[in-house]
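Structures incoming, each one as structure tokens.
Next, two complexes with chain A in common: one pairs it with chain B, the other with chain C.
So, the complex of A and B:
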């Protein structure tokens, strides 16, 4: 009994912090989402509006468009990070000269703040002064301008995200690969399995929990991308890179549309949970049920 | 520009840099009074938040240390981006946390802050506390720009003006004065190359120089354009600097007519003049340097300073360093200023007070009612408005908030170097105007900006886009409760 009390006592600071900075703000956002509230409106007070903000969001072309480009962004960015991250993880599993150096260099983007990443990519992509348009022009005669071309801006934001976050995927997958027992691989080789068969039938199923966890983390991060994109494109050209995080930022902060912005935030949170749940069900649940 | 000219410009730049960079160079009168007035607050730290601009950097780098040296009151000024500054200040005042003792109030947001009673009435506060009133501080010293920060009903001051400048038409005097260029221009157009007075002339000059850059394989274009396709800076360039020169004032919204924006209801946001202005501006954007579609307010100045544009509309806060700082600018000594090109009738509107010819930008430092160090902050706000600190500040950041500053030696020297920029503010500043007196700037801008950006990318035609923007503006104003 004494040790149980001590356990709660030791846990209390963490629980209090979680409650104050996690639960309370979340409940408050849900509360605000049921109100009309813009402090710079003629009536600056909060006015209860039921589910109006949610109804408005469902028919808001701007929000739906931002959701569409976000899905495309998340799909291309996370998938690329997974593929490249796995390839790099496999490469780092082998010994080669300068491995420690390359491994350190490769993780450097991870320690950069998103706003810095956005600034760096802005410098690299600004027409006339950026190294990327300059090289593309001199090598291929390609006139790149992310302020003009929606497709280019979208691709650059995806590449920027890949550059920033692939190291996280690599590190996670290295940890997973290192922990794999050698026996199943040796047995498969003795049985004459080729590399593709080993990957699909042994490696992937065994690192699946790590892959799913990594995808969850990256998915949630990518869905709330704001800083880098805001710095790089401002959400433009037009609305080409106005991802849902940028859309919410613009609704809540400059426009001070607190009620509607909160409703959209709640919807995005709900969608994130649904997507993660679907992923979990499709990738891990069958495996767990087989075990059961 | 000859060797002697460059040498002179360098000396001037060095003198300005040396003069503006060190707090110990400022000589403050009544030092004993400041020491006594600050004594009760010794050890207090005042916190301010402001946009990172030349004028604000002078506050944090020069004025704050000098004030601390005199009074013992520490001043921490956080210089950040424009949107972050608003975000932080508004959240602090809205939540009543009292983190900030001073906030930068750009002229376009002061009406919203006053409507929400966020700010301390400085006139009354100093009247109620005569012990805190500095002898050299006098509201009468301010230029008329201070009126932007006065309450509509009481006429009292709600912010200490610290930044005031006009968005001017800058042009390259070395190009406009070059004999070969002038001859080529005359041959092509049949007229002399002079700063444009009309939009047609401006366009002709812009097209000429863009073609000149191509023909001579130079990185030179005919005009700047603040035309970012995802940043509000482009929205402001159109509504505050371009549309007024076509006779569309106050964003095309008629506040006296139930905040009408559409022509149908009496507004002018989608008027023929507004549409003509948009098409003209887009045509200029198309022959501006390629970075223009990613340029905000600062990048336009950088483009001009890099010598990549022959002419352009540039925020005056950048004029001094463009004209005199050789470490940042390639066009030192080669900068001229002129009034923006105008449509017929706009100057007459400006002279009569019915309209204006361009943007008079600026800001003040305000004291939030939520501040926990109001008395100490009142001292610093007066310190910022002392005549003794103005000369260095004006030379460092091309801003003038006190009438007496125009007559100081450094400002007069820089005025000559800049082709009369400071004289223009003094003599013709009345023709320019700040943002309209609306309490819903950011709200209206953000509601209409997505359509505006689509116009810039060509996703929507200008005419249709402005029609949709005007309708959206009315919808937003109705939703906010301003339009009945």
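So, the complex of A and C:
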């Protein structure tokens, strides 16, 4: 009994912080989402509006379009980060000259603030001064302009996200690969398994929890991308890169539409939780034994 | 020394007697093992999805959102009790 009380006592500071900075803001956003609230209007009071903000959201073409481009962005970015991150993790598992140097260099994007990443890519992709349009023009005669081409802007935001976040995937997968016991691999090699079979039947099942955790983190991050994209493209051209985070930002701050912005935030949070939960169920959740 | 060994008549129980019981996994009609909190979570997920679907496609035809809430509540009772 004594140790149980001590356990709660030691956990209390963390639980209090989590409650204050996690639960309270969440409950407040849900509360605001059921109100019309513009604190800078002539009437700055919250007016209860029931579920009207949610009704408006499901008919908002701008929001639904932003959901579509966000899904495409998340799919291409997270999948690419996983594949490239795994390849880099496997590369860093082998010894080669300058390994420590390259491993340090490749984690540098991680320590940069997203707004800085957006600024760097803005400079690199601006026509006439950026290195990327210049090289593409001189090598392939391709006239790159992210301010005019929706597809190019989308692709550049995906590449920027991959550049920024692949090191995180690499680091977590390196940690997972290092912790694997050597015995199953040696036994598989003795039994004559090839590299592909070892990957699909031994490596992947054993690192699956780490892969799922990494995908969770990246999925949640990618779904709420705002600052990088806002800096690089401002959500344009048109609405080509107006991801949900950017949509919420533009709804809440320039338009000061706090109630509707909160409702859209709650829907995005709901979708994030559902996607992560489905991923967990499909990959890790124990099956019901009665169903065979 | 031998006296000390003889005095230990029962195995030492390192577990607390008053520990909270582990969540009971249940085999219902859902394809995964769930405890009551999982089933409550699934019910809330279905309630929100049904409400948003209702707002978009059913409510413009007339039926009130309260019908959706009643369906979601019935589903929640079913999932939590037999899921």
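Going forward, the second predicted complex is superposed on the first by the 276 of 292 C-alpha atoms of A that agree within 3 Å, B and C clash if a C-alpha of one lies under 4 Å from a C-alpha of the other, contacts with A are read in each partner's own complex, and residues count from 1 in each chain.
Following the convention adopted for this analysis, a residue touches a chain if its C-beta (ideal position, glycine included) is under 8 Å from a C-beta of that chain, and two chains touch if they have at least 3 such contacts.
Quantities reported herein were computed from a predicted structural model and do not represent experimental measurements.
In the superposition on chain A, A:270 contacts chain C only, with no contact to chain B. A simple residue count on chain A separates chain B from chain C, and the partner touching more is B. In the overlay built on the shared chain, the residue A:21 is in contact with neither chain B nor chain C. Contacts of A:55 after superposition: chain C is touched, whereas chain B is not reached.
Touch criterion met: A:241 reaches chain B, while chain C stays clear of it. When both complexes are overlaid on chain A, the residue A:3 reaches chain C alone and has no touch with chain B. By the touch criterion stated above, A:200 is placed in contact with neither chain B nor chain C.
Looking at chain A, you'll find no residue that touches chain B in one structure and chain C in the other. Interface residues of chain A, counted against chain C in their complex, comprise 1, 3-4, 51, 54-55, 58-59, 267, 270, 273-274, 277, 281, 285-291.
Residues 83, 86-87, 90, 94, 112, 115-116, 219, 228-232, 289-294, 308, 439-440, 442-443, 445-447, 450, 453-454, 456-457, 459, 479-482 of chain B touch chain A in their complex. Listing the residues of chain A that touch chain B in their complex gives 38-44, 62, 122, 126-129, 143, 145-148, 150, 233-242, 250-251, 253-257. For chain C in complex with chain A, the residues that touch the partner chain are 16, 18-19, 25, 27-28, 30-33, 41, 45, 48-49, 51-52, 55-56, 59, 65.
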